[in-house]
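Structure in structure tokens, see below.
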Amino acid sequence: MGLDLQQIQAFLDNEFAVQLIATAIKFAVVFAICIQVPPIMIWVERRAPALMQRRKGPNRVGFFKLRLWGLLQSAADAVKLILKEEIVPRGANKIFFQIAPIFGVIPALLIACAIPYGNDFQLFGYNIPLSIVNVDVGFLFILAVSSLGIYGITIAGWASNNKYSLLGSLRASAQMISYEIPLGMSLIPIVLIYGTLDLNQIVIGQSNLWNWGIITSPISFMIFFVCMFAETNRAPFDLAESEAELVAGFHTEYGSAKFALIFLTEYVVMFILSCLASTVFFGGWQIPFVPHDTLMQLIGGLHIPVLPYLLDLVGWGAPFLSLSLQEMGVHSLIASLIGVAVLFIKAGFFMWMYVWVRWTLPRFRYDQLMSLGWKFMLPVGLANIFVTAIIVAILNFK
Amino acid sequence: MPTSESYLILATIMFGCGVFGVLFRKNLILVMMSIELMLNAVNLVFVSATQTLGNVDGQVMVFFVITVAACEAAVGLAMVIALYRKYGTIDTDFLRVLRG
Amino acid sequence: MNPYLPVLIVLVFAIIFGCIMSGLSHFIGPRKRTLSPVKDEPYECGVPMVGERDKMSVKFYLTAILFILFDIETIFLYLWATTFRELGWFGIVEVTIFLVILVAGYVYVVKRGALEWD
Amino acid sequence: MTQLHLFYVFAALVTFCSVMVVGSRNPVTSAVFLVFDLFLLAGIYAMMEAHFVAAIQVLVYAGAIVVLFVFVIMLLNLEQESHGKVRVSIPDIVMMGITGLSFVIIAFLVARVPSMATVGEMTPEAIAAAGGNTYVVGMVLFTKYLWPFELASILILLAMVASIVIAKKDKAAKPGRRRTVNANQ
Amino acid sequence: MLLWLVILFPLLGAALNGLLLRKVSKTVSHIVGASALIASFACALTAYMQMMSAGGEGQVIFGFDWLEAGGFKAPFQFILDRLSGMMMLIITGIGSLIHIYAGGYMHEEKATWRFFSYLNLFVFMMLLLVLGDNLLIMFIGWEGVGLCSYLLIGYWYEDDANAAAGMKAFLVNRIGDIGFLIGVFLCFKFFGTVSFSELKDIIINGNALTGPQLEAVSWITLALFIGACGKSAQLPLYVWLPDAMAGPTPVSALIHAATMVTAGIYMMTRLNFLYFLAPDTQMIVASVGAATALFAATIAIVQNDIKKVLAYSTVSQLGYMVLACGVGAYAGGVFHLFTHACFKALLFLGAGSVIVAMHHKQDMQEMGGLRKYMPITHAVMLVGVLAIIGFPGLAGFFSKDEILWKAWIGGGPVIWGMGAMAAVCTAFYMTRLLMLTFYGPNRSDHHTREHLHETSAVMWAPLVVLAILSAVVGYLNVPHVIPGLPHLLFEHYLSPIIHVPAAAAEHWPHLTATYSHSLELGLMGISVLGMFLSAGFAIVLYKNGPSPTAIKLKKSFSGIHKVLTNKYYVDEFYFKYIVDPLKDMSLFLWKIVDTVIIDGIVNGIGQAFMLVAGLTSFRMSGSLHRHAMVVMLGIFCLLTILLF
């Protein structure tokens, strides 16, 4: 059984092809994770308040005895949504009603690609980054693309021909744009401190716990944290879909798979913002007190020939059996994957915060929301930039 | 790599569309959108000139153009709203206060 | 590899994915044509539709204006932040002047009550 | 697919979207096509390695300015342009012909301009070596274009004040200061 | 940098007082105004010291590109050399003293922010005039001081006479300014520059001047001299200065005695190399100066208003300075400017104190015997009077004598005679002033006498400083003939500024020649003797108020007296032959030309347009698109042309 090594080698020599394949794999994984986020989060959002309120929450759906604490409820919901009848309300603008959810999901998936989920790793002699999109403008890309997310909401509300939808969408978009400014401003001190727009460089700059963004720029974190909730229209800022006033906000008229798409968008954005918060303020993929190099050495020294054993079963693993991970050249890959896990743990914390806050704080009034954004966050954000600049300047240039 | 003329031709097309909009659309908001189109055509020329001339001043100019466009849109649309409030329409066929 | 190639790929994929999802229930879901006239009426918690679609408050528009202008300002600040270390104190002075002027505008906006939602 | 082909695809899309911006009857459609247009232009900028401009094109133009347009359209609830069928008079058709011809002439003149070789030192490689496009643009802005930068703040200030003065309704309209011109007389 | 501060402080003071401090108490206005000047003086002193310790070379301090049009360039830059440095010190130094004094003088006013604002603005403009490196900046200052002078003369504008006096000053100055402007234009036309330093380079170091240029120099200098006549109150444009006494006395002291009126002398000294090239102009200058000196001195003899006497005395002294410039003795002129600034400021401020004490009565016939009530004022006034009449050992003696000596060797006996006569008259009327004011019985009414008292320290302290200055500054320029003291320090000090162009050296032999000491001593003796005699005569006539002899003299020379009291009828002459015809012509222009012809044409054109517009406006649909389409049509036409 001849595996044409030369053909493989020829393929590996073509950097474009390798990077393309790597991109495809990375995106496939990211997409898979994004698809998984809403069901899991919906489950958490049902179970967590149940726990808090000493209820049981959904726990029945399952195969036979395997109930998994109701985890499959979400899967069942998803299937149900897709199988529902599609209803377009009378008087709605049909085309825009159809494509509005797509407008929403595109930016969400695009920004999911700009997060560095782990450190760059070296494989086959190539440097492969673990973020899919690496552009010169760094996280300005995230800000730019996420600002397009407004159209999905606005057009969805407008196209529904429902006054509550429209009001909900206008509220939601006004709220999002209002908080986009403090959000942008809260990240400027980070650029000042770490001197780069590249998210991965920012993470590398946070190698030590004392260099984490939350330590170097705590006010930025606070602003960012509040903006995270406002940007995703989550409680306590869920005015756009305040059930008592606006039925369900901009997606009142949506059902079936399009509703699933809107849900997907919302949770993906929540997830990305959590990842961004962890990346910028909590050291991203860095493990506290364990520098990445140390981790790589540690892993590199290990001798876990699992893959060679498996390969050996089909007959071509023998040459690798005695090699350590470093000698096999996969230690940086494994270290980066560990980083991904670390990042997901941190992001998970923020996802939990979303749920926790939702069931803890009451909803703001709309005027309170707006004045918090414009009259408090904006000046504080500006002052924060200014003070940080002065401090960094004093520390760095005499 | 596309040649610099192709950028210029594309910019001309965009600018032409903008001019058509300004000349033949009756809705003030569409007129303003057409103006944005024209501004973008100019921006395209700036950026392509950056590439051709080998300095980044053109990109800085684009930045300023965008700043101006933002201010223009803000004030212009405020005027559209004021007009609408006052006259109940923004159709240029009905806004003829300057008639001689 | 051009750094924007992945963007393009993801973009194309996202569009396809969105279309599939959007069309999914169109093809899979049941198509019952019930004759009830209230079925495709805009939903208002089940009660009959009330009133016309109102005009929206001009507040939303003012918010959007201010958003644009401050957005531009933020971009200026981002540019400054990337060149912060080379510009040094000079840059700080520049940006301070810039900000002082804009804060004057901000103060006007607040004083004028453009941010009040009443 | 080379960059050239990609550019042609983009150019075709931009042309299509531009035509749709001007040609569609529903202002919201126009706005949406304008967003497409701006986004595609950002793509073209990105291909030209003008990363920063591409980013702000999306961030400010597509993400903010057109939002304002959409807001105003929704605020005024303008879905259809003037009622009934669009009347196109003969002078209008003649003017359309003349305008079209003008731009054909312009395109012709533009195409005749000899293409220039790169003359400055800021080639894409040099920019990358100097610290990236954003950094270089920033340095140029904050040194060479110092005064325009400060003036931009004054412009923004003026826009802020002007738009609020124009758009904000006074709580108590002052009698006697309102103008009483009627448009439809 | 310091130089900028020198200029900026007064501007800041003016802005603060004028814009911000309108509502606050006048003490604050005073403190702000005075401290701005003191700070400016401190900076000026430091800058001056720096300049002198660097060897006293002139420095040009570049500010920014100001005017640029074609070949014309006038950068906003300053020149700091020995001349402008000295002027700067005089302006800020004496200005500071007068500002301090003014706080006391204006004590009874309601709001003084306007006063101090104008005063500071004036100092700013004056500094601009003095420090500017080209004629245009000087012109700004020139106009600016004129404006401030107008504002300050008319400070009490509720009174019509004051407002009219301000107007008069302004209008008369305009005539001079036209001359100045013509000079500037000619200068640029023929030399291609208006910068002093470049001009100097062209004349001193450049190629020989062409024929037209040489001819032009005469016209340029003459035109500029007309400007100087206006500003420095020379015949025939002196008429505004006596009327300018309507302003508050500190203003008279600062503007109409110490600084602004010296602008003309400063300008001529600055351009001395040009004036040297034009002996004809110089002859006119010298004659005008001598005539003015004598003319004004004679008028002063019969004036009764204390400030009018000082005003004519100022005109007369300015005549001396112009005379000095005319005979090429620029150092002498500037030195007299310096000493005159000290003692005339002193005299004016002293007179101001008297006026305050007398409840704003200015007629000397009602004074007398004030020595008793105001000992300090009397003492300092005595010093001032002795200084101005040229009492040996005091400032005026050295400076005036220097000028008279130069007038003799440079202008001949006639000029000298006029100058000496003026000196004799000066001695007479100044002594008369002193006697009538401070000696003899008090002739004021009971009420006024009750309240006579010495002024406050804030007023007399500056006087004392000025008195000390008036006493000692003369020793800076002791003539050769007096042994035992360092000679002609001031002339050496200023020598780097004075350049006799090689081409003109033949016209100025006396500048280098040596003369016998005995001649100089003799002339000095004559003038001192004349001075003593006329002063003695005045003492005799007026020591107990106007004596019978004086009244008899007045009667027997009633014709001359009447002419003198009426100031040679110059004002009447001007009114009859210039102002009234102008008024009549204006009336004609207004009633006939303007209302009928011009308005007719203008309105007719307007109506014609309205008619045509009315006929064609049906094409103006008011539609945005129509207008835009017309633009597009135009573009189309242009493009079509471009295509072929």
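General observations
In order of appearance the chains are A, B, C, D and E, and numbering begins at 1 in each one.
The rule is simple: a contact is a pair of C-beta atoms (placed from the backbone, for glycine too) under 8 Å apart; a residue touches a chain by one contact, two chains touch by 3 or more.
What you are looking at is a predicted structure, and each value in this text was computed from that prediction instead of being measured.
Note on connectivity: the fewest chain-to-chain touch steps from subunit A to subunit B number 2. Listed by label, the chains that touch subunit B and also subunit C are D.
Annotation: B-D is the more contact-rich of the chain pairs B-D and A-D, by number of C-beta pairs in contact. Once the centre of each chain is set as its mean CA position, subunit A and subunit E turn out to be 79 Å apart.
In whole angstrom, the spacing between the mean C-alpha positions of subunit B and subunit E is 60. Note on chain placement: the centre of subunit A and the centre of subunit C lie 19 Å apart, centres being C-alpha means. Looking at subunit C, residues 4, 7, 53, 56, 58, 60-61, 64-69, 71-72, 75, 78-79, 82, 99, 106 sit in touch with two or more other chains.
Residue positions 3, 46, 52, 56, 59-60, 63-65, 67-68, 71-72, 74-76, 95, 99, 106, 133-134, 137, 141, 152, 156, 159-160, 163-164, 167, 169 of subunit D are each in touch with at least two other chains. Residue positions 135-136, 140, 166, 170, 177, 197 of subunit A are each in touch with at least two other chains.
Two chains count as a pair here when they touch; such pairs are A-C, A-D, B-C, B-D, B-E, C-D, D-E.
Against subunit D, the residues of subunit A that register as touching in their complex are 93, 96, 135-138, 140-141, 143-145, 147-148, 150-151, 154-155, 158, 166, 170, 173, 177, 197. Taken in their complex, subunit E has these residues touching subunit D: 629, 632-633, 635-636, 639-640, 642-643. On the side of subunit D, the complex with subunit E involves touching residues 95, 98-99, 101-102, 105-106, 108-109. Only residues 1-10, 12-21, 23-27, 29-30, 32-34, 36-37, 40, 43-44, 47-48, 50-57, 59-60, 62-64, 66-75, 77-82, 84-87, 89-91, 93-97 of subunit B touch subunit D when the two sit together in their complex. Across the complex, subunit D meets subunit B through its residues 3-4, 7-8, 11, 14-15, 18-19, 21-22, 27, 30-31, 34, 37-38, 41, 44-45, 48-50, 52-53, 56-57, 60-61, 64-66, 68-69, 72-73, 75-76, 78, 81-82, 92, 95-96, 99-100, 103, 106-107, 110-111, 113, 115-116, 118-123, 127, 133, 136-137, 140-141, 144-145, 148, 152, 155-156, 158-160, 162-164, 166-167, 169, 181, 183-184.
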